[in-house]
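Just passing along the structure, written as C-alpha cells.
The chains carry the letters A, B, C and D, assigned in the order they are written, with residues numbered from 1 in each.
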Amino acid sequence: MKLLDVEIEENVKIANDIFLLSFESEYLAENFKPGNFVNILIDKESIYPLLRRPLSISFVEGKRVYIGYKVVGKGTKLLSQKSKGETIDVLGPLGNSFLTDISDENVAIIGGGVGIFPLVGLCKELKNKGNRVDIFLGFRDSNSMFLVEKFKDICDNTLISTDDGSCGYKGNVVDIFKNNFSKEKYKVVFCCGPKPMLKAIKNLKLPVKCYASLEEKMACGIGACLCCSIKGKDDNVYHVCSDGPVFDIMEVEIE
Amino acid sequence: MNLEVEIAGIKLKNPVIAASGTFGFGREFSKLIDLNLFGGISTKGITLKKRTGNPQPRLCEVYGGIINSVGLENPGVEAFVNDELPFLRKFDTKIIANINGFSKEEFMDLAKIVSPLVDMIEVNLSCPNVKEGGMVFGKDPNKVYEITKEVKKVSACPVIVKLTPNVTDITQLAVAAEKAGADAISLINTISAMAIDIETRKPLIKMVTGGLSGPAIKPIAVRMVYECFKKVKIPIIGMGGIMNHKDAIEFIIAGATAIQIGTVNFINPNAVYEIKEGIEAYLEIMGFNSIRELVGNINI
Amino acid sequence: MNLEVEIAGIKLKNPVIAASGTFGFGREFSKLIDLNLFGGISTKGITLKKRTGNPQPRLCEVYGGIINSVGLENPGVEAFVNDELPFLRKFDTKIIANINGFSKEEFMDLAKIVSPLVDMIEVNLSCPNVKEGGMVFGKDPNKVYEITKEVKKVSACPVIVKLTPNVTDITQLAVAAEKAGADAISLINTISAMAIDIETRKPLIKMVTGGLSGPAIKPIAVRMVYECFKKVKIPIIGMGGIMNHKDAIEFIIAGATAIQIGTVNFINPNAVYEIKEGIEAYLEIMGFNSIRELVGNINI
Amino acid sequence: MKLLDVEIEENVKIANDIFLLSFESEYLAENFKPGNFVNILIDKESIYPLLRRPLSISFVEGKRVYIGYKVVGKGTKLLSQKSKGETIDVLGPLGNSFLTDISDENVAIIGGGVGIFPLVGLCKELKNKGNRVDIFLGFRDSNSMFLVEKFKDICDNTLISTDDGSCGYKGNVVDIFKNNFSKEKYKVVFCCGPKPMLKAIKNLKLPVKCYASLEEKMACGIGACLCCSIKGKDDNVYHVCSDGPVFDIMEVEIE
C-alpha cells in the first residue's frame, strides 16, 4: 500500500446517485487484487468530513483504476462534485482479496446495490483464469441499474433482479440465486452487498465455500485503530480492513 | 534546530509522539511512514489479559471529530511483550507502553512486566470506553494519587499518567499525579460524547457513549494543558485534535513539553513529518534556538 | 403537525428557542427574520447593574466552533425592563429572561424584578466569562440547589436553570436543580476553551480562556442531555452546536423537550425557520403525530 | 439590510494576494453608503471556516457591487477560489457610514493596505458632492499596489507611499499626510487602515474632525452578539458592526 495523489480522469454519473470515477495509477493497477479497496481523502483541508472514505476498486484497465460509488452522505457527495483534473489522495490497495486461484470451475457471484462494484474485477479475473461465471445482480429498480452490459460482456450468465420488477426478476436477488443453486452446479460462491443480503446468504448454509466482502465503519483502513472489528468464531475478533474485507461467510458473525 | 526534549531523563529526539490507540503497535503504519521520524510511540492500550473490545458500531463521525468506543481491544500483555515489542524495538524512537488495569493491583502487575522493557509507561487513567478502571478511577484525584504512587514504586522506567478531561478541574488530577511521583502527565484523553442516527433513533455507538477526538476538542485540550502547566512542574505531554504543526505549536506554547498525535494519523499518515518540519521552520523564523524555549512561553 | 411543547404549563408553539447571548434582545434580528417564528426567545444575560463586559479580543474562531468572552455586557435590568422588553413583548413568542447574579441575593432581586414581566426566567449558573457568579456557582451542586430554591421562592413565573458542562457529572447539577424546584433545566452553556496566536504567542481571547460554542461541542451536549434525561423528570432544553433540523432532532431524541439555537444564528439567520420546517417534515415522514412522541424516544 | 444570494460576476487578482470581487445586486447598490460593509458566508456547508466574513463594500457602479479583499486566512482563501457564476450569501449593507453630507470642502483621506478599499466609494461620493479630495495611500511595496488609477481618476490629488520606497514616497503614509496637513487646508479627515496607522493618526490630535473606519472580530455583524465591542469615552461601549465601523477617532480607544 501507498499514499498516492492521483488526478481524476473521469467522474461520471452512471445511474441514480451512482458515479464511476477513474484515474491512472500504475502502482495501484499492478498491485490490485479483486476485493481490494482504497481509503480516499476527498479534501485535505476539510475537518467535516474528517476521515477518509473506504471504496472498493471496481476494476482496472491498463493503468486506469475504476471506482464506483453511490452518493449517500457528505463524503460521497463532495467526491461526486470533483471534476477531471482535480486531485484526490488515495491510500491503497488495502485489505485482502477474493480467493481467485481457481480455474476451470463453475462459480456463482451475488451482488446487491453498490456491493456490485468490486465484483467486476472479480469476474474479470475469474474469467481470465478460465472459470465459468454466473452473476446474480440485485438492484432497487431499473433506474438504479449500472454496469449490467459490462457484466454481460464478461460473465457466462448475468441474472438480474429488481425489488419492483422493473427489470429482470421481481424480488430479492438471494431468492433468484437460491432457485438456481445446486451443489453440483457451483464450486464456490462469492458475494458482496448490504448486510441483510449477506445474512440471507449465510442463512442458506450453502454446502460449498462462500466468501463475502463486508463493510464496517473505518478510521485508519490499515488495521491500526481497531474500529472496524467483526466477531469471528470462538470469540475471535477480526478487522474488516486488514483481515478482510473478504471473509468466509461461515466464519464471521453478520448482524 | 534542536528539537530534542527531555522527559524524566529520557531524551526524545523530537516532541512528536504517536498517541495511544491510534497507532496500534506501529506495524501497520510502518508500511506507510518511517517510524524513526517519531520522538516516541505510545502503544495501543494494553491490559493483563487479552480483550476483544466493545461491540460494533465502535466508530462514528461528527462535526470536526470522531467518536470511538474500541474498548481496549488488545492481545494482552504477554502477546505484547513477545510479539509486538521486538518489532517496535527495531526503531530509533522511544517506546511508551500504555497500560490499563481494572484494579490497582493490575496496574502494578502491568508496570512490573513492561516497565523494564520500554522507555516509559503511560498509565491510562482516562479510558472512557470501559465500565471499570480507566476513567472511573481517573476522575477521582485520590485514586489517581493512589494508583500513581503504587505504580511508581514498582516501575523500572519513568511513569506518565494520562488524565481524563471529563472532570470539573483537571488540575486536581495533575497535582495528584505529581504528588504521587509521576514523572510526567499526558492529556487529554477523549471527551465522553454521543451521537444518534435520527432515522433509526439508535445511538451511533453501540455502547451509547464513546470518546470524542479530533479537531473539535482542540481548544478544550489547549485550555487544560495551560491550566495544568500553571499548577505542576513535571513535564506535560499535550494532545487533542492536533492536525498540523500550528496546532502542535499552540500546545507547546500552552505548556506542553511534547505532544501526541492521534486522529490525524488516520487522515494524514505524513502528519508526523509535516509537524516536525513545521515546528522546526517556525522556531527558526521566530528566532528560537531550541524548542525548549517555546514550552509555556505564552504572552499573557 | 403539532409542534407545540409545554414547559411548566407554558406552551411554546414550537420547540425552537433563540439561545441567550446570541440574539441580543431580538431587535437586530427582527430586521432579518420574523421573530414570531420562534417558540421562545432567551434574552442576552441580564445583571442588576449595567456591565460593559470583557476587554477585546472577545471572539475567535476555532475548528468547528467559536470561543467568546463577551462577559455579560448588558444594559442592566432596569434598561432591559424599560427599553427592551416592550419591544420583545410585541411578538407572539415566549420571552425568557436570562438572569445573572453575583450572589444569591442578586439572583433573587433579578427574579423579583423580571419574573412578573416575562414568561420564564433562565437562571444562568454557567457563564464561564465572569470571575464571580456564573459558572463559579454553577459547578457546585449545593450552590445550584441553594440559588434555585431561593429564586423559586420569589419568582412569579417558571424557572429554568442553565447548567454548565464544565463538570465531572452534570447530572448532579440537574438533580440539584430539580430537587430545589426548578421547572426545567437548560444545557449546555459553553465549554471553557482556549486558543493561541502562534505568531504573537498571545491568547486569542484577552481573558485567556472563553466559552466554546458551535458544532464542535454538539456530541458532548447530546451526551449530557441524554445523561440528564435519565436522571430528572423536569423538561430539558437542549443546546450546543445545533446547525440544522437533524441536529435539533438528535437533541430531542436524547431527551430534550425544546432546543435552543445560538451560534448558528450568526451564520444562518434563517435557521429557526429551516429547523422548524425540518422537524415537521421529519415527524411526518417518520409517522409521529406530535413532537412529544419523539422526546427521549431513543432506541437503545 | 437583507440576506442575499448573489452570483459572482468577477473575482480577479489585482495585486499580490489582493482580489476584486463583483456581483450584481440592485438592493445593495441602492442602499449602499460609503463605509458600509457586508458579512459574507462563503460556503454554507462549511463548519471551518464557520462564521461569515466582514468585508467592506468598496464601491458600486450601477447595479454592480465591488468588494476588494486580501487573502489572509482560510475564509478569504476560499473566497478567492470562487469563480464567476458561483453563488455567495451576503448579508448587508451593514454598519454606519462616513459622514458625506458636505459639499464644496477640502477633504483629506488616508488609507493603508486593504483599508483602502472602502475609500473608493467615499471618494466618489465626496467628489459627486463637489468637494476637493486629496487621498493618501500607503502600500507595502509596488507589488501590493491596487486601484491607484481609479483614485487618480476620482481624486484631485493622489499621494502614494510605500514602506520600501519602490513607488511614491518612501515611508509611512501618516508622515506624508502630516507633512501635507494644515488646519486651513482641510475641513475634515477620513481614514481606514491597520490599527498602528489609525493610532498614529489619532496621536496627531488633529485640529479638525477625523473619522476612522475600524475593524474588530465579528460574529453576527448586526449588533446582537456584542463580540465586536470597542471602548469609547466615559466607560461607554460601542459595537463596531452596528455603531460603526466609522467613528470619530477621538471618541474611541484604539489599542
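In the analysis below, a residue touches a chain if its C-beta (ideal position, glycine included) is under 8 Å from a C-beta of that chain, and two chains touch if they have at least 3 such contacts.
Because the structure is a prediction, the values reported are computed rather than measured.
Participant: Both chain B and chain D are touched by which chains?
Facilitator: A, C
Participant: Hey, which pair has more contacts between C-betas, A-C or A-B?
Facilitator: A-B
Participant: As a quick test, compute the distance in whole Å between the mean CA positions of chain A and chain C.
Facilitator: Roughly 47 Å separates the two chain centres.
Participant: For chain C and chain D, let me know how many angstrom lie between their CA-based centres, rounded off.
Facilitator: Averaging C-alpha atoms per chain gives centres 36 Å apart.
Participant: Counting in whole Å, what is the centre-to-centre distance of chain A and chain D, each centre being its mean C-alpha position?
Facilitator: 56
Participant: Which residues belonging to chain C are in contact with no fewer than two other chains?
Facilitator: Only 63-65, 215-216, 243 qualify.
Participant: Can you list the residues of chain D that touch 2 or more other chains?
Facilitator: 47-48
Participant: When you draw the chains as points and link the ones that touch, which shape shows up: line, ring, star, complete, or other?
Facilitator: If you draw each chain as a dot and join those that touch, every dot ends up joined to every other.
Participant: In their shared complex, at which residues does chain D touch chain A?
Facilitator: Residue list for chain D touching chain A: 45, 47-48, 74.
Participant: Which residues of chain B touch chain C once you look at their complex with the stated criterion?
Facilitator: Checking each residue of chain B against chain C gives 62-65, 67, 139, 166-168, 191-196, 198, 200-203, 208-209, 212, 215-220, 222-223, 226, 241, 243, 246, 249-250, 253-254, 282, 297-300.
Participant: Tell me, which parts of chain B touch chain A in their complex?
Facilitator: Chain B residues touching chain A: 21-24, 27-29, 31-32, 44, 52-53, 56-61, 63-66, 68, 70, 73, 214-216, 243, 263, 265-270.
Participant: Hey, which residues of chain B end up touching chain D in the complex?
Facilitator: Residue positions touching the partner: 63-64, 215.
Participant: So in the complex, the part of chain D that touches chain C is made up of which residues?
Facilitator: Chain D residues touching chain C: 1-3, 41, 44, 47-52, 91, 216-231, 235-237, 242, 255.
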